[in-house]
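Accompanying notes for the structure given below.
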Amino acid sequence: MQCRWEAKKSLAVNIAGIAMKTPVMVASGTFGFGLEFEDFVDLSQVGAVVVKGTTLLPRAGNSGRRIAETPAGMLNCIGLENPGVEEFLTAILPELSRRDVPVIVNISGNTVEEYGELAACLEGSGVAGLEVNISCPNVKQGGIAFGTCPDSAAAVVRMVKANSTLPVIAKLSPNVTDIVLMAKAVEGAGADAISLINTLLGMAIDIHSWKPVLGNTVGGLSGPAVKPVALRMVWQVARAVAVPVIGMGGIMTGEDAVEFLLAGAAAVSVGTANFIDPTAPVSVAAGIQTYLEQRRLNHVNDIVGQLILA
Amino acid sequence: MSGKFAEPARVVSQVSLSDEVRRLTLAAPGTAAALRPGQFVHLKIADSYEPLLRRPFSVTAADPAAGTLEIIYRIVGKGTGLMAAMTAGDGVNCLGPLGNGFTPQGQRPLLVGGGMGLAPLLMLAGALCPRPVTVLMGGRDHRELFWTDLFAGVCHNTHITTDDGSMGRQGLTVDLLPELLAQNHFDMIYSCGPQPMLAAVARIAALRQIPCQVSLEDYMACGLGACLSCTCAGTDGKRRKVCTDGPVFWAGEVLA
Amino acid sequence: MQCRWEAKKSLAVNIAGIAMKTPVMVASGTFGFGLEFEDFVDLSQVGAVVVKGTTLLPRAGNSGRRIAETPAGMLNCIGLENPGVEEFLTAILPELSRRDVPVIVNISGNTVEEYGELAACLEGSGVAGLEVNISCPNVKQGGIAFGTCPDSAAAVVRMVKANSTLPVIAKLSPNVTDIVLMAKAVEGAGADAISLINTLLGMAIDIHSWKPVLGNTVGGLSGPAVKPVALRMVWQVARAVAVPVIGMGGIMTGEDAVEFLLAGAAAVSVGTANFIDPTAPVSVAAGIQTYLEQRRLNHVNDIVGQLILA
Amino acid sequence: MSGKFAEPARVVSQVSLSDEVRRLTLAAPGTAAALRPGQFVHLKIADSYEPLLRRPFSVTAADPAAGTLEIIYRIVGKGTGLMAAMTAGDGVNCLGPLGNGFTPQGQRPLLVGGGMGLAPLLMLAGALCPRPVTVLMGGRDHRELFWTDLFAGVCHNTHITTDDGSMGRQGLTVDLLPELLAQNHFDMIYSCGPQPMLAAVARIAALRQIPCQVSLEDYMACGLGACLSCTCAGTDGKRRKVCTDGPVFWAGEVLA
């Protein structure tokens, strides 16, 4: 049953030109194409729908087991299963576009050129922006490599910018020594916003079979377990770059979101939370609204980056 | 209006069916009213991050009037361990009804279930009444005797195999299946259980040209078709989501 | 009350020349100097006691709040509070040496030279080995820098080796892009064993005060939450180096330890677990012993590195 | 043999003392027999990683014969929230007795406690009997009235301040303290409560040259002196571990 709730003006934000009714977006790969959650969420009350990672050609993803629960977290190795950009444009977007919510397409390529092609395909389609996934740890080619080297990350972003007039969000991998270096590289390459974190690379072993639990041996860790790491990186990046930062990693409640906002995130995304509470994007936004009201604050921007250091 | 709910549900009662198996009755009126045989619920067991994810269970009975539904589950890990400790009044969050459910067709249906795979078949058997329903059930040993009692009320004929022969015929359901098919004129087969059993049932059904539906299991996060945790390869080369395209498939759709 | 349990021969291992009765050591900083746990654990049944990070001079550590609980984990910013190597040698080691357990000293320096001096101070003291902490993320100088650059990590290890005849264990930080690169660098520099992971850098914010929860703003994440990341790194390192690997990060049970052993760890350490169960080093070892017995395996080495890949 | 235990303890009973405060009685025979006033226990509340760490609580009473001990706690977060839901028979793991405890000296002791800081003083008051014990207690408002009843049985004189004046004198304990000291001849002060209160009590005690012990609180992981989560600066420049060197200190040792 759809959760009836309407965002107040105090939650409205604008991220790199994308107007959102709330600062709570949904994280790519955790909310499908949005329509799957309409039984529970009025999409017009979601900040933005970031759709599943999309590639030029359809992908079947990884074989074998794809998820494993871990303490306060989960591992996944979906492997970018998706219908491909063509199918997205013809079969999914027309329906999704009827909803009053910005649609952001998360794109993934095997080569710098593929990212450019994807951006070009999506030009003029009516989507609100592109999120460049340079960080997905599951794909053996590409993925991890782009996201862990400042030069290649910058090259991807430049290529996407060159092929698009849309706002471009660069999504960073946390599996790096220096997240600020990565953030500055993509900012320098023209990214209009930066989102982080993608998943931490992890693993689980079945002690009965002596085999990895996941079909792909390793997978990406998400959920509450990673929140401290995500928050630290968001804080480091937000104080180092001028473009808006979209924070994510383990956000389950309005309180969690407030931590990210105080750390400097201009907006947040909920990911794993959607699997536990299908109304999460709305309940987290409502939690932020309550927080603001209790403190008689007029607008969510009044708390963004307001962390007080000793 | 939509038919899916994420409702705070209360435990009405819980009974032991064997050492390791329990039947849990939940008050979840929205789900109970909308649910069809073969659909499942996805339960958030504790208001904690341990365990984090929901747990999927087939529904074995639903009473729209009372607003209750039943599941039968085996205690295997953390989540089911916590469930086993629940008593009347305890809360869980119930997401459902999920999945597509069985297509209740056929005048002389045969149900083939192995282990906990009998759970969704139980509600189906009830729904197929008063048509004559035959069930072929397989289990490890006589400790799974409770299934016989449960199906007795809804089925005409019950055939049993156990791995150790401690109840019914020794062997696997699929060992007995050809014999049963030869002796009867079933016009529809429904099956749920371990993957190798489903593959064998589907093969035998195809040989006899009897329409067959199988209910699959997979590891699930969202249960809503969004995360792609649970997809499997269709025989046409396209992926299927077990949680929304299934868990029930025509055998030929997913089993070669 | 001390937990009475005796390790069977099947648990005995030898790590870089250090003979241990069980493969379960205790992680530096989580078990004090060992004596603090004698009410609960017979130290002679612990693989090895790795003492609190020790520096040349005494250190007061960080001010303000030093720990915060997180989902299935904890953050700490102790800041290497310790009595200094002199006091360790004169006031603590004489007593600790009376126990039948190898003592490994975790050392931390601000410069490469300090590591050398520390190693020299500990030469001939009777300790069983040195663990070089190049990874503690709490100390503003040194610490993090050494542990995140292969060259400086190697320089530290070389210096310690040059000043010591003891087995030298290099302890790696997980806050790096390429853990294998770090492992190979310290192996190349002569490390006799490699231990990992130290804590993941994280943060928490108090949404009531708008201040960081921790006195040091950021801190190190440990406990069950980090286990998937730790296990992945141990697996990657164990298959890439020839020296023994000591695995740690979120080990709470014998089952957790078995995962690390299968991934290739020759021994494990328990850290955060000691705070929850003061008998952890023994209960984890007992859990491994039970696991071996149930599978009729003769020795723990029968499972080390036996992960089966598809 | 050692005096510390990590014992599986059972809840004997739990009663509400106010909206937010509960008294929990635990069966923990080893700890109950060994514990002295001012020591504390470190409780692992649930057999789960959520919450992960133990929680420290002062003991307000111990009955070695019955093998039980009592704590009085305020519900403030996750751990105490879970504790509040416990009923007789539920289990916790009890690590204790921890810390050093008070030095029970003085013939005319004064106990000064603020809020939950009254907890360790309650057991101390009992141990100081039959010496005449005076307690000066401070709280937010009349909802902390239950402390008066608890101390009534063990103290000769009870003085009360509340922030809002809804019970006793309006103001802080330290506002009333000089007056009390002028009117009586106390030869020992014990204090526990918020840091600013302790600092003020210590200052006033030093002026009057009355020996004073304070009981500190800090965030704790191990509770055993190993992790250094809880250390504070001593006035001599050396660090003190609140969990093992304390929680009770001579005021001059830790407060300037």
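Labels for the chains are A, B, C and D, by order of writing; each one numbers its residues from 1.
Just so we're on the same page, a contact is a pair of C-beta atoms (placed from the backbone, for glycine too) under 8 Å apart; a residue touches a chain by one contact, two chains touch by 3 or more.
No experiment lies behind these values; they were computed from the predicted model shown.
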- prompt: Taking each chain's centre as the mean of its Cα atoms, which chain lies farthest from chain A?
  reply: D
Message: Applying the document's contact definition, name the chain pair with more C-beta pairs in contact, C-D or B-C.
response: C-D
Statement: The distance between the C-alpha centres of chain A and chain C, rounded to whole Å, is 34
Message: Could you work out how far the Cα centre of chain B sits from that of chain C, in whole Å?
response: 47
- line: Taking each chain's mean CA coordinate, chain B and chain D are separated, in whole Å, by 55
Statement: Flagged in chain B as touching 2+ other chains are 49-50
Field: Numbers and ranges of chain A residues touching at least 2 other chains
entry: 71-73, 223-225
Field: Touch-based graph of the chains, sorted into line, ring, star, complete or other
entry: complete
Message: Considering only the defined contacts, which chain D positions touch chain B in the complex?
response: 48-50
Field: Contact set on chain C toward chain B in their complex
entry: 71-72
- prompt: Which bits of chain A are touching chain C when the two form their complex?
  reply: 64, 70-73, 75, 148, 175-178, 200-205, 207, 209-212, 215, 217-218, 221, 223-229, 231-232, 235, 250, 255, 258-259, 262-263, 291, 303, 306-310
Chain B residues within the chain A interface of the complex: 1-7, 30, 44, 49-54, 93, 95, 219-231, 233, 239, 244
Query: Which positions of chain C touch chain D when the two form their complex?
result: 1-2, 29-33, 36-40, 52, 60-61, 65-69, 71-74, 76, 78, 81, 223-225, 252, 272, 274-279
